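Below are structures written as structure tokens.
In the two assemblies presented below, subunit A is common to both, partnered first by subunit B and then by subunit C.
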Partner chain A sequence: MNRTEIMAQIVGILEDVAEISPDEVNEDSVLMDDLDLSSMEILTIVADLEETFGIRIPEKELRSFVTVSDLIDYLSARVG
Partner chain B sequence: MTETMTRNASYRLQGAMYFYRAKTIYCRYQYALRDPVDPVLLQEAVNAALEGADYFKMKLVREKREIRLDQNDQPFTICQGHTLRAMPEETGGYLFNVSWEEDTIFFDWFHFVADGHGVTRFLTRILMEYCNRRYDAGFDCPPLGSAPAYDMEALLAYDPTAGEEGLPEIEPVPVQAGQLRRSILRLDKQSLVDAALRCDVKPVSALLGLLSLSLQPFVEREKVEYCYSTDTRRTLGVPEAFYNCVASFRHGVDAGPEVRLADIAADIDADLRSSLQPTAQLTQMAKMMGWVCRVDALKAPLRIKQRVFSMGEAMGNFPADFWISYLGDPLGPDRDYPPALNDYIRDFEVWVPPDGASVGFEVASLHGQLICCIQDKLGRAGLTDAISAVMAREGVQVLGAADIGPALPYQE
Partner chain C sequence: MGFEPHMVDTVYRLITENMEQVYADLPGLRYRGDDGRIVTVTFREFAQDIRRCVGYLNEKLGGAQRRRVCLLGKNSYRYAVAILGLLAADSIQIPLNPYKSWEELHYELSLVDPDVILWDDANDPWRDQLLAEWKDRLLPLQECTRAEPAELQETADPRALAMIMFTSGTTGRSKGVMLNQWSIMITGRDSICSWRVVVERARQMGYTDDRFQLNHFSTLPLFHIAAYANLLHWPLYGTATNMGDARSLYRDLADMPSESMAVVPSIAEMLRRDILRDRRDKLGPLWILMCSSAAFSRETLLDLRDHGILIIQNYGMTETGSGGLVNEAQDEGHIATAGHTIPCMEYKLDQGELCMKGECLMLGYYKDPEAIAQAVDSEGWLHTGDLAKVDEDGYYTITGRKKNLIILDSGENVSPEELEGLLANCDAIRECVVKEKGKKICAVVFCQPEDQEKVRSYITRLNRTLPLYKRIGAVECSNVPLPRTAVGKLQRS
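Moving on, here comes the complex of A and B:
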């Protein structure tokens, strides 16, 4: 799966979990500031991503996810 | 309000913590009686106890996004053998099970339905009903009421994390786990009480200190961290609650090779006493239940809620070196039962998997013994020998130690 496809999955989950319009999301979007996500929403998005990509993301990685790009980088390295 | 609505409104959230956890916690109390068990009389006893404790006639219903509780109208049937069964999948929808083998009755339950303190009233009632039938014991067995749910909103007002944002700063460390082994250690209770008196602390504080000293060589650091739970029924004003009413606390002590019980007992005792203060209990319990309520309120499928819950727990905690649960009297922590019931009970064991630690101690007091049931996820050789050596050094008499074997099914 390439970056564009991973981005599409993330955008879909953001829309589903936090009702964020796809137009508002780009790779540089900061999860907590630009997208105004709560920590609970971030955990929910990560759980959704785990299910979508069939992987387990260790809890110690969670605080390293600051931007959408961080999520894409992590997922690309594992499912790309 | 229908019975189902009452159950959902009252009791669902108190158990939800154990539904959302990654690992299902099944607990076992087993009572060895003085004679072989009569299964016909045991079935009658369970039927009678269940009629008098309607709370336990519940079943857990999973829907796509939430769980709810319904009345369970199916008959409950005891089974033969010591096998621990999946609850509710293998128990007719019930969240507990009763089985027997030779002279022993096994009571198993899913932690969702009750904590050890709460379930003991029910289990003791079954034993009383059984002894009435088997020995004509004449115990009075009025219905067992359950307290209504405590006021969740009032409790959550104590939650200091309610408005916090961002992920916790704690670096999560996975609990070390390998092949779980069970062992049992029996201590002379009076000698532990004497050791505690020498340090001017509660017996349970002395026990915490002795176990910290025993575990220190295994954890390979000076500081030993442990977790323990306190019962919050009285603080919450629901002394007759069957459901979970627990606040868990954590403490660490420097327990290096030169340290003796007298050096650490006062600190342990002060921490324990502070955790028994109502405000401390309410604050800690509110933090725990606040997280449960926030996850429960998510508009997400149950499997996502379960994963979110476990991530949050892992982010908010780091594992302790050991977990301890001090049950005290296994027939009723408040001793609210006829003393003659003790005459029919020969022995007791308790098996609960350690959660959030690599080793767990469940400790009960019966017939002058402290019975320490130990579950070690690392299967460390020499653990009971190490504990025995520290006990002997500090003047606590060890009456026996035994390796019991691997974990029970579902407790691995």
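Moving on, here comes the complex of A and C:
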């Protein structure tokens, strides 16, 4: 799966979990700042990503997810 | 099973009466096993594992009484067993937060100097550091249910030190709150006021006495007082605890149907959204929210109430063994208050600050007489740091904070000074104040206009080193020095 496809999945999940319009999301969006996500919502998004991509994301990786591109980088390394 | 709780006031009685007799064959705990399937443990089986844990501790420590044992791990069945096991063994337990930085954890471990550390070895984020420094004192949590069950004895003194729980200090360093089992058990007894409201609603819904058992879902960490106290309280009511993981909340909730759930504001917010978006099916049979840890938005509570959810709130602190105020009122005038008093405590407002004393109060801060002198006055009143007012019906509303502490929607307490200390490491930051803004941690920074990008990227990097709840979610840059108070301190509000 390429970056564009991964981004599309993330955008879909953000819309579903937090009602964030796809227009508001880009790779540089900071999850907590720009997208106004709570830590609880980030966990839910991570759970949805795990389900979508069929992977388990280790706890220690969560710290590195600050922006949308952090998520894409991680996911493309795992499933790209 | 039924509407009437079986009230006891010691952990020994909780195990030998509630778990081994009164509610023995009912589900006591559910959790997701290593193979991904849900495991149901009856109260009797839970008690048996607690006895095994006591046997294990006695064997490993050559007698566990009064020995200091740190608990280090995320929520698990074994962790829950160990909490009760250590109480039953009359040890002194110290549940630690494994998500803290190594520096903080190291400080807490060194301060406590434990006899042993029960840890979740495979999953510990600080595995290498722990092995390097405390190798001889580490015992794996997963072994604690593998010994022969021990005979239990009633505690010699339920008011003796049984637990040290670290809480965020206002000066950066955490403080070890010393508690006994009495303070937590007595809070369980006094929470009966909200149980009556639950029973009343259950009757209206058609439940009968002989078929009523509540299932309570919680993802809150057991190293925090709310979840810790609940673990001891629910067996008083024969209620099963469904142990979920915040990372798989909806899946866990679907697999462990629950009528009740422990929530912090950020979870309540998500549930409200689910209900308003007609996704109630995600929540199963849920009809009670046990709200604690931080203030909840009135609008959210009213929306949930209007959709049939019973709202119960608890206001408490680690320093009071979770006890404090209870709110089961559903009317618009009171639903968003912190609640009314409970019998085991006394209350007063001192220049607007809520003060409490009584049976739930901590024994002190571990090895920190200076902190205790600041928090508890010569008459024994704990100054909560919360500004409050009380209405004519006896309901308290928290109106602000006197102490400099950020209490987030996740229920976590964060010391602004700690984050300010980390920000000070960035050369471009001339001055900074960390405060709560719009439910997020906000850093207000004075720097040169050309350094703004540098500051922002420093904070992004810093965030990658912090646990989720401590992240700085907003940055405001100022080109001029930050406002100061009359005595020259940076203004916080």
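Criterion: the second predicted complex is superposed on the first by the 80 of 80 C-alpha atoms of A that agree within 3 Å, B and C clash if a C-alpha of one lies under 4 Å from a C-alpha of the other, contacts with A are read in each partner's own complex, and residues count from 1 in each chain.
Going forward, contacts are C-beta pairs under 8 Å (C-beta built on N, C-alpha and C of every residue); 3 or more make two chains touch, one makes a residue touch a chain.
Computed from a predicted model, the values in this text were never measured in an experiment.
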After lining up the shared chain so the two structures overlap, which partner does A:S38 touch, if you call subunit B first and subunit C second: first, second, both or neither?
both
Just checking: does A:T67 make contact with subunit B only, subunit C only, both, or neither of them? Give me first, second, both or neither.
second
So, does A:S29 touch the first partner subunit B, the second partner subunit C, both, or neither?
neither
Taking the superposition on A as described, I'd like to know which of subunit B and subunit C A:Q9 touches: first, second, both or neither.
neither
Identify the partner contact of A:V46: answer first if only subunit B is touched, second if only subunit C is, both if each is, neither if none is.
both
A:E59 in the overlay: touching subunit B, subunit C, both, or neither? Say first, second, both or neither.
both
Looking at subunit A, which of its residues have contacts with both subunit B and subunit C?
32, 38-40, 42-44, 46-47, 59-60, 62-63
Residues of subunit B defined as touching subunit A within the complex
165-167, 171-172, 294-295, 298, 300, 303-304, 307-308, 311-312, 314-315
Touching residues on subunit A, where the partner in the complex is subunit B
17, 32, 38-40, 42-44, 46-48, 50-51, 59-60, 62-63
With touch defined as at the start, can you tell me which subunit C residues reach subunit A in the complex?
74, 123, 125, 246-251, 264, 266-267, 269-270, 273, 409-410, 439-440, 460, 463-469, 471, 473-475
Interface with subunit C, subunit A side, in the complex: residues 19, 30, 32-33, 36, 38-44, 46-47, 59-60, 62-64, 66-67
